[in-house]
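The structure follows.
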Amino acid sequence: MNRILALSWLTFKEGIRDRALMGICIIGLVMLFATIIFTGVFGYDLGKVLVDLNLSTIAFAGLLLTFFVNINLMAKDIDKRTIYCVLSKPLSRTEYIIGKYLGLILLVFIALFILLMVSSGIIWFVKSFYAQIYFKNFSWACFLQACFYEILMFFVLNAVVIFFSSISTSSFLVLLFTIATYITGQTIEEVMQFFKKEAMAEQLPQINQWIIDIAQYIFPNFSAFDIKTLASHGKFLPMEHTMALIGYSAIYTILLLFFASLIFNKREIT
Amino acid sequence: MNVDFEQINKSFISSFTRKKVHAVIDLNLSVKSGEIFGIVGPNGAGKSTLLKMVLGFIKYDSGSISIAGKSPMEPETRINMGYLPENPYYYDHLSAEDLMKFSATTSGMNKKNIQPSIDHLLKIMNLEHARKRHLRTYSKGMTQRAGICFALVHDPDLIIFDEPMSGLDPLGRKLVVDLVLDLKEKGKTIIFCSHILNDIERLCDRIAIMDKGRLKKMLNREQFFSEQDKNIKKGTSWLEKIFIDTVENRVEQ
Amino acid sequence: MVRALKVYTLLFVCIFCYGIFHFQLKQERQIFLEHNFMDYTLPSQFTGPVSLEFKGLVSDFLLFKFMAFMGGRIEDISKNDPRYQDYTYQSLNAITDLDPYYWDAYLFSEMFLAWSGRAQDANKILEKARKYRENDYYPPYYIGFNYYYFLKDNKKASKYLMEASKLPGCPYYIASLAARLSLYSFQHRNGIVFLKEMLKNTKDKKAKKEFELRIATLEILEYLENKVTLYHSVYKKYPESLKKLVTSGLIDKIPDDPYKGKFMIMQNGRVYTTSKMLPY
């Protein structure tokens, strides 16, 4: 355990000192401050627009962070052979996978937490600026719940990064696969709904139905983590829903890490 | 720490042509505790592959490797090992000190011994002024020395150096030579792999010459001295001659 | 020294030329945009999946685009081009598909669709609001109002207004309006009250101006109808034209329609305007 934590700390330190992270944080902060101006443009549901913009910024920063900093942290290890210095230590491959994963999510968590703090400050400021009637539906609980869901999604997405890094040697391929998985995960539910309606109407062959079902089991359902729209209208999801989602993401992450370590154990590092 | 290789075979499948490439063939070797063991050979002889098998980066196809009785695939085996890779590259944004701390912690070193050990090594390797600087700003030679610090910080019994002299200036080389001799005095086992025959000649107790995955020749110190007398031409060292003879043989075969 | 002078002169000339070309391009673009700026919105079947987890943001953006578009056109009253209304319907429909809770978009659909003769379309969009914004009395109120005021379907209007009156926060007059619907034909006063309610809840300056204009028009209509009723009570018949009101001394002159139309009197004594209060 000590060794895993040491590796996570190493990964986190390497990531936090990356200039790309600084750039992403600055972009995030600028976007957050820009929401102050943009909110004023809208007419009625100011609270909705404000929460939308803030949550979207946080999500966007998280995506940039995962796609460009975290993938780099993972793939560069093998690309540039920095992995030698880690694996020449008494760490098993599984410990390596877990340590790296913890380092990545720590990085995402800290970065998003900072943005969340700033964004809360901005919301508080804007709220005190306009009449309360425009913030009828606003609720801090909903805002925080949406942030929590978002961070949870990044925990899963980073496990996807780890999984693809264990298969591929090139950071570009990891990026490509991860983005593809992300897009699929975000849209799969909607596409399924559409297909199901079609299937009802036109009697698609049974095999299509199976493929659809299997795809839903393989790909993570990222759209379940997106409750930004609900949060912006002050709709709080019940605790059971949150628990179900936590359970789902935890088991999906564990499975991904498990497969990653299986593959990685077999792999030769040359 | 003894390292024994028994009938080691290793082949890679080249990803492009799907052809089998034999990297190590039927290799038998044993490195005794407390000796400095040198491996020389031309590029692609299988030296690095051999070292990577000792560290468990690569699995061998057949045969067995035992490191003081343990398999290289067990992570615990590496607690007492230090490794300097060929062309070492470390994390860009970490400092030498961060890396060494990581190395010491993961090896299960006692917390209060870590800092003195780091200070000591940095002083020896002349990196004290750069201890907090990010590795990205290091020169090639400094990176190499930081790599040596990383390999040695937890005071391992078995030390594996892959090309430790590359990129070092004469001063740095002297540092490393002194360090290796000092380590030998402390009774450490060192496996040493290099192109630079001169260094091997100076330091090693025994030398293995490898070519095309096979062990071609084993030499020990007594043989050095007897061979040295028969040194034929001026300006060529005896090892160079043996090396060239051994390697050229393969062309005739 | 001479060399430096040359370099700086060249630089200065380049910057000057850039200024000219930039200005020219800006003007050309302005002409281009004015001529070709007929917007379209992609259907939500496409924008939905493409906007990934940023559906809220995309709906904000589309609404912003819509507002920018309308902001440029709102003074352009004389045009009555169905394409504008098609665009309005498409974008508001897409926006409310992306975010079915988005009240701004529903408000706009009432404002721009219902009041420009597309009450049916407005109701289609507002039905979504009624479904998603369960505890909000506005959606059924608006739908009911549209049925009553524009579509003249008192039965349906009464049903929706009744529904609205049961939801929390609903003003008392809606219930009474719902109750009286079968007895009375529609009154301009109801429209005025409705618009004033909308006016109270909006922050957008353009929309406010639009509402105020409509309220002013409706108030004129109400005023004229009151005078017609007065005329009827005196002469026992409706005037053939509004000029009669002037000649009989009831009003000083026929007021101007803020929408640049003409006020007309119908057989049954009701007053209308030829502009129909269309902003386009």
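Should a chain be cited, it is by its letter among A, B and C, assigned in written order, with residues numbered from 1 in that chain.
Basically, a residue touches a chain if its C-beta (ideal position, glycine included) is under 8 Å from a C-beta of that chain, and two chains touch if they have at least 3 such contacts.
Fair warning: this is a prediction, and the values are worked out from it, not measured in the lab.
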Next item on the list: If every chain is a node and every touching pair an edge, decide which shape results: line, ring, star, complete or other.
Entry: line
Check: What chain is the most remote from subunit B, judged by the mean position of CA atoms in each chain?
Finding: C
Item checked: Computed distance of Cα centres, subunit B from subunit A, in Å -> 42
Notebook entry, point to check: Measuring from the mean C-alpha position of subunit B to the mean C-alpha position of subunit C, what distance in angstrom results?
Noted result: 80
Next item on the list: Hunt down the residues of subunit C that sit against at least two other chains at once, touch-wise.
Entry: none
Check: Do you know which subunit A residues sit against two or more other chains?
Finding: none
Check: Any idea which subunit B residues touch subunit A in the complex?
Finding: 12, 49, 52, 55-59, 75-79, 81-83, 85, 87-94, 98-99, 102-103, 105-108, 134, 147, 150-151
Check: Can you name the residues of subunit C that touch subunit A in the complex?
Finding: 45, 48-49, 52-57, 59-60, 63-64, 67, 98-99, 101-104, 107, 201-204, 207
Notebook entry, point to check: Taking the complex as given, what residues does subunit A use to touch subunit C?
Noted result: 38, 41-46, 48-49, 51-53, 55-56, 59-60, 133-134, 153, 182-183, 186-187, 190-191, 194, 222-223, 225-226, 228-230, 232-233, 235
Notebook entry, point to check: Hey, which residues of subunit A end up touching subunit B in the complex?
Noted result: 2-3, 6-7, 9-10, 13-14, 17-18, 80-82, 84-85, 87-92, 95, 268-270
